[in-house]
Structure formats: structure tokens, C-alpha cells
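Chains: A, B, C and D, in written order; residue numbering restarts at 1 for each.
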Amino acid sequence: MSAKPMDPKHIIAARVARELHDGDVVNLGIGLPTLVPNHLPPDIRITLQSENGFLGLAPLEGDPVPGLVNAGGQPCGMQAGGVFFDSAMSFVLIRGGHVDVTVLGALQVDQQGNLANWMVPGKMVPGMGGAMDLVTGARHVIVAMEHCTKDGGAKILKQCNLPLTAKSRVNKIVTELAVFRIDPGHGGLVLEELQAGISLDQVRRCTEAEFRISPDCQL
Amino acid sequence: MSAKPMDPKHIIAARVARELHDGDVVNLGIGLPTLVPNHLPPDIRITLQSENGFLGLAPLEGDPVPGLVNAGGQPCGMQAGGVFFDSAMSFVLIRGGHVDVTVLGALQVDQQGNLANWMVPGKMVPGMGGAMDLVTGARHVIVAMEHCTKDGGAKILKQCNLPLTAKSRVNKIVTELAVFRIDPGHGGLVLEELQAGISLDQVRRCTEAEFRISPDCQL
Amino acid sequence: MDKIIGINEVVQHFKDGMTVLYGGFMGVGTPAGLVKCLLDSGACKLTLVGNDTAFPDTGVGPLIVKKRVGKLVTSHIGTNPETGRQMIAGELEVELVPQGSLAERVRCGGAGLGGVLTPTGVGTIVEEGKTKLCFDGKEYLVERPIRGDIALIKARKADRSGNLVYERAARNFNPLMALAADLVVVEADELVDVGELDPECIVTPGVVVHKIVVTGGL
Amino acid sequence: MDKIIGINEVVQHFKDGMTVLYGGFMGVGTPAGLVKCLLDSGACKLTLVGNDTAFPDTGVGPLIVKKRVGKLVTSHIGTNPETGRQMIAGELEVELVPQGSLAERVRCGGAGLGGVLTPTGVGTIVEEGKTKLCFDGKEYLVERPIRGDIALIKARKADRSGNLVYERAARNFNPLMALAADLVVVEADELVDVGELDPECIVTPGVVVHKIVVTGGL
């Protein structure tokens, strides 16, 4: 439960946590997004949906329980009031708008709200798993990722060139540098917030996409 | 459990019972078809599917049990090993070919295997309920009905003129006079059997449809 | 976020012209208390979506008899003569849908699907006005989703978070309707604490349920 | 009609080139005994349909590693590097399907439906070769049914008639696969008498199950 303030992953997770509301049903992608619940204030209680077939995902406490695993296949726990169901029902909930928020990583995201996070042709093809349905169906899609690639390349682009996960579905991008929203319909990225100690200039240098600056953004 | 041998309904039900095999999953329409289980020999055990959402329909024994009703809304019983499910699952089973046999009544049936049993325009429009799905999805469709209308009119026609329940899906017609099969694809009604004491002539007089006579038919 | 409300608080959610999904089969599994409340609200020109109109004095039957319904989407009306009378007199618009297609259409509404392809109804008047597709020589009708403004659900037990279990064949359309409406109101025989229902046996997850009225003792 | 068989009787049902549906998610809920039996049978050129290929040594992973699979229909292969290697080397045909669409396609296969209309995949390479329909300004892909020659199912408990319950998240694709194959073979941890399972909690009805292998004590 310890948040290391200097770790970009925790900065991102902590900021994503502030996007969630009490009572939200949330699906968290593998990796960084799973850190989000650690940063929730005690008055915000969310229900985690796990696409392998249940509601009420919780951290593992004690020994693994047979059959109780998260969508990565790792042993986990379950909240009181949790429910198990089959994969069809799991995606009825996801596609049908019963999941309020999905938080996932990205290889690329662009100013039209397009997301690419499931393959690099000829190189890495893990498959889309549940990501396409989640991004298509969840009411609110938050991309949570480090702002640049390991090599310092831009990931927030004018236009994705990797195969898309879904078209025009991303609502928000949270990185260790900034928070953007994407105006649905209007296309176009809006800078909402700079992370603590980050300058507009830094963000501009690391972002290929064009963006407007929200009047509410404190520069 | 008493079979009145002279009642056409029981003659029909008894003959339909001989079409069923041990282990069959069967859906029985309202009325005459519900008499069929009374005529099953003890070595033939079937499972009744009830389209309102369960398998293992059985006659009511003792007091009505809350929520346990047949598709007519009447209190019934349940076999050991029965299962409840929702209406979507009920019709997954029906449409998906998991019901071996459906037995239902008809207003009209024709030599192409077309069935009309759900409305008389401007007069009687009860709705199709589950009949269209049953006739479309069950592996074997048996029409069980009295051979003629109350007025003595033909019900086994060259071509139905009432709105259809389903096209070319009837496999067998059992009446108090005769048993016909319908050759799928070939179109065409085949007389398989005369009921006890019935002449070919009687059947011809009461049947508008053209039919061939099976070589196995004992005249 | 307490979902438990009194029956008197339900009435505010009913409005003229709204689309009401209801569970039940011949009235079994239809929430009688919520139907009475809808009747008492005076709301009219309703669109009702459910399996049947039960009998004149059970299920949604009284809503038909008292002429609160402008349109009905259903599979069977034979047990409520008033439904047929109003339909033939042109007082009530009735769309008859094969029961399995009705179940799938409501399921699609709750599942974010744009429809299903079914062989049911091909070659019958049910085809009328519908897109038809042919694959591998077999014809299918495209049956489109149905959603409602409100769903009226009858459950055997609810926990405080809205997880539901049903009672035998009273389950029928209830779990489907509970996924396909903007507001889901449940009438439960019994309320239990969160954690009391077996997670393997819960049919409707509480996250889709908005309001619960308990008719048995609290 | 006894459905209970020994594990040695399963092997006769495996044939080269058959389509095998399997339950499981990252191997959890995949019947390890049946997979081993399929491996021992030597059957090859199989078409496998399931959520993922787990890890090289779990779930259906070993079938991939030992090159028994000619075609794979799945949503995720990232955890089994051998799957990706064979795919990129052109040794294995892989059709990647969004997980929700895979679930619906198998459901359609078991439900007698000709397909579903889903918004998932619109505007992506998943569109390729698929019929696209537009309703009310929204685009959908027609996702077509999948059926198998055999389904390999893992259950927590089976009764002698084949009614099944599962174990927590090991349920996943199992109930869908159990509806969509010509022969449904179940590996159950435990066998109970007919009537012992709660009719409200049974997930897969026995009428769709053909063979049961019990791995726990009888």
C-alpha cells in the first residue's frame, strides 16, 4: 500500500484514482492500472470487474483460493457481495455500459481518441483479449501510461499508426506529466492539468499531438 | 394416468408417445400434447422442457410450490435433477437444437411441412409465444391434433392459408386417423400408418393434401 | 448509496409515455406491488415490454384493462381477452415477437449488441420490415435490441447491494429486463445483508440494480 | 444412458483435424486430465477454440508446444510465447477474436443463432472480411457462430445426469463451450447424485452433457 511519490507509475495511479467516484464499477488493465485502488481515499468505494468472470475483485489475503484468479490468471481475493458469472455475462456487463470506467495502458493514443494497445505487427502480437470490448463498451475510458516510450519517443500522437484497439473511444489520458481529456465529437485533445513540477514546455516537447489548453488548467 | 381408449385425444397422445426415445428432451405444447407422458412405457424416460424456464417439468404432487408453474402458468412439479434458468437460456436450448422433440397442436399443416398454429387474422390472435422458436429449433417437430376441424373441415392441406408459425419444419403428423411423415427437402407427405380400425378411404376423405403411401404402411 | 426505498418512493419514477420492461410469465414473476404502484401513479400512454399480458387481474393485466398502455411488445396475449379486444379495436398498438427473439432482443439491449440473427420467423409475417441476411444458404432475420426507461423486477431475495436471486420459474424474463433499462427497480420478498448470498448462485449482480422495495419483513 | 466414463475411454473420441472447444482462462478452468488425454491420443491438425493458450505448461499450452494444433481461434496468446512464434513462423494459423465477440460467437453456436451485431472491432483490423451493418447511424460487425466437434469442460461438481456447477472464476468459457459442440465431455472434481445440486444454482443443464470423467473420488 506504500506509494512512492517519485515513481511515475504511482504518480499516474494516484491521479487516475481522483477520476473515480463512489460506487463506480471499474475494470483495470494489467500492470500500472492495478495500482489505482491503493490511492483511493477511504470514502470512495468502487467495485472491480474482472473480465474472466466476476465482480468484487480484491487483493489476495492469505492463501490462494481454488478458482479465484484475476484476469492475469493470478490468485486474488473477493469482496463480500461479489458475484461469479460466465464469459458471456462478463462481456454483457462490459459491452452493455454496466462498467463505468476502464483504465488501461497504451502503446499509442491520438488526438481523435483512438487507442492502440494490442499489437506491433510482425513483432509483438499478444492479442486483444478483452481490451477491444472494454474500450468500446465502458462508459468512460482512461488511458493510464507513461508519457513517452522507453526511448523517449512520443506515444500521444496526431494519428496512431499501430493497429487500433478502438476508434474515438478514449476520454482521458493520464501520464506522469499531464492530464488530457478528449472532447468527444469535437476531436481534439485538451490539456487539463500539469502534474506537480511539470512545465507546459516539457509536455509540448514530449507530445506529438496538437492540443488546446483548458481555461481551467493551472500553468 | 387413465387412458380412455375411445377418446381421439388419447389415441393421438398414445401414438405420439411411441415416437419418443429414452433420454429425449421434449417440449409439449398446451392441451393435447400434455397427455403424452401418461402413455409412455416405464422404460422410456424423458425430460420435459418448459419454455418459461426450466427442465424437469413433472405433474403437480401435493400443494402448489411458489414459482413452480408450467408454461400455461399452472402449478406443477419438478423431477429430481431439474434446473431453473432465465428465458434467454430457455430459448438457447430450444433454438440451439438441445430439445429433441417438440409436440404441438395445429390450426393447419401442409404437405410442405408448413405449420400454422398461432393466429386467425381479425379473429383470434393469441400470439406465437414460444411456438415459432420451438418449431424452428427443435430437432424433431411432431404435430399432434385431431384430423379435422370441429366442422369436419380439412386441416392437413396442400398449402396453409393462415399465417405460418414456421416454414417446412414439421416432421410428423399424428391424428386419431393416421400418422404421416414429411420428407424434408423432397416436400411431400407420406402416410406411414393408419390408426386401428381406420381405412385409407376415410383418411383420403378428410385430407386435402396429396400424400404418398409408405411401402411399410399396413393398409 | 442506499438502494432500499419504500413503495411510496417508487411513484416519482413513473412518467407518461415511458417504456416499461417487466419480468414475469403469465404473471408469475411480475412484481405485483410495483405494478399496483404504476397503476396508482396514473401514468399513461406507456410502452410495455414483457412476455405476455397475463390475465385481466394478474401481472400487468390491470394496466391493460385500465387503458394505461399505448404500445405493447410481447409474445403472447391469449390469456388476457382485453388485450386482444383493444388491439382489434385499434386502441392499442401490439407488436408480437417470438418469445425467443424477445428474450434475445432484450438481452441485446442490455449487452450493447446491435442485434442478433435468428432463423425464427423466417418465411412468416414476423419477417415484415426486418433486415434479412443469408449465410451458407441459410436465412436469418436481424432482430434489433430493446431497452426500457425503467425495468420492474421481482426477486426472491436481494442483498443490500442489489444482488438478486429469483424463485424457481418466476425467474423467466427478470434477469434480462434487469440489464436493459436506465432505471432498475426491484420488488424483493426478502432483504439480506451483503455477503449472505452465495456468489456462485447470484443471478443478477447488484451493480445493475438501482432501487429495491422489500415486500416481506425487513 | 450412464454418462460416467473412465479417463481411458475418452481417447477414442479424439480424431485428427477435429475442432475442439475448451473452457478456461489462463488455464484456470481448463480440464487438465482431458487435455493430457488429447495429447496422449496423438491427434493432430486440431482446430482449437478457447480464450487463450495459457502458458507453455498449463491449460492447452502443451498442445501448442507439441504442434498438435493447425488452427487456433482465440482472444489472447501473449502468455504462451510458443504460440506467437509458431504464428509468426507460419506454422500455426491464428484467428484473433475480441474476447466478448468470442463469447458471443460460441454462444450463437450453441443457441441456434446466425450471429450477433457488435460494435466491438469497428474501425479496427477485426473488421476484415466481415459483414458490416449500420442501424440508427451506428456501425456493427456481424460476428458469426462457432461450433465444435467436441467440447472439453472442467466442472467443480457434476451430478450423474450431467448437471454442472463450476468453481469461482474457473467458470469463464465453460458453460458456453458446453452448449456448442456435438460431443460434450466433462472433467469433474466431484460426482454427486441426481437431486443433490440446487436447481437454482446449476449452471449447465445435464441434457447438453454427454460424458463425465471424475477426477476426484467417486
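The rule we apply is simple: a contact is a pair of C-beta atoms (placed from the backbone, for glycine too) under 8 Å apart; a residue touches a chain by one contact, two chains touch by 3 or more.
Treat the numbers as computed from the prediction; the structure is a model and nothing was measured.
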item	value
Which of A-C and B-C has more C-beta pairs touching across its chains	B-C
Whole-Å gap between the CA centroids of chain B and chain D	35
Centroid distance [mean C-alpha coordinates] between chain D and chain A, Å	29
Residues within chain C bordering two or more other chains	104, 107, 112-113, 118-119, 166, 168, 199-200
Shared-contact residues (touching 2 or more other chains) in chain B	54, 78, 84-85, 91, 94-95, 136-137
Interchain contacts (touch definition) - all pairs	A-C, A-D, B-C, B-D, C-D
Sites on chain D touched by chain A in the complex	25-29, 51-52, 54, 74-79, 84, 87-88, 96, 98-104, 107, 118-126, 156, 166-176, 203
Residue ranges of chain B in contact with chain D within the complex	22-23, 25, 47, 49, 54-56, 78, 80-85, 91-98, 136-137
Sites on chain D touched by chain C in the complex	104, 108, 112-119, 131, 133, 135, 138, 140, 142, 144, 165-166, 168, 198-201
Residues of chain D that touch chain B when the two form their complex	1, 107, 110-113, 159, 161, 163, 179, 194-195, 197, 199-200, 202, 205-208
Parts of chain A lying in touch with chain D, wherever the complex brings them together	50-54, 65-69, 71-73, 78, 84-88, 90-91, 94-95, 114, 122, 124-133, 136-137, 163-168
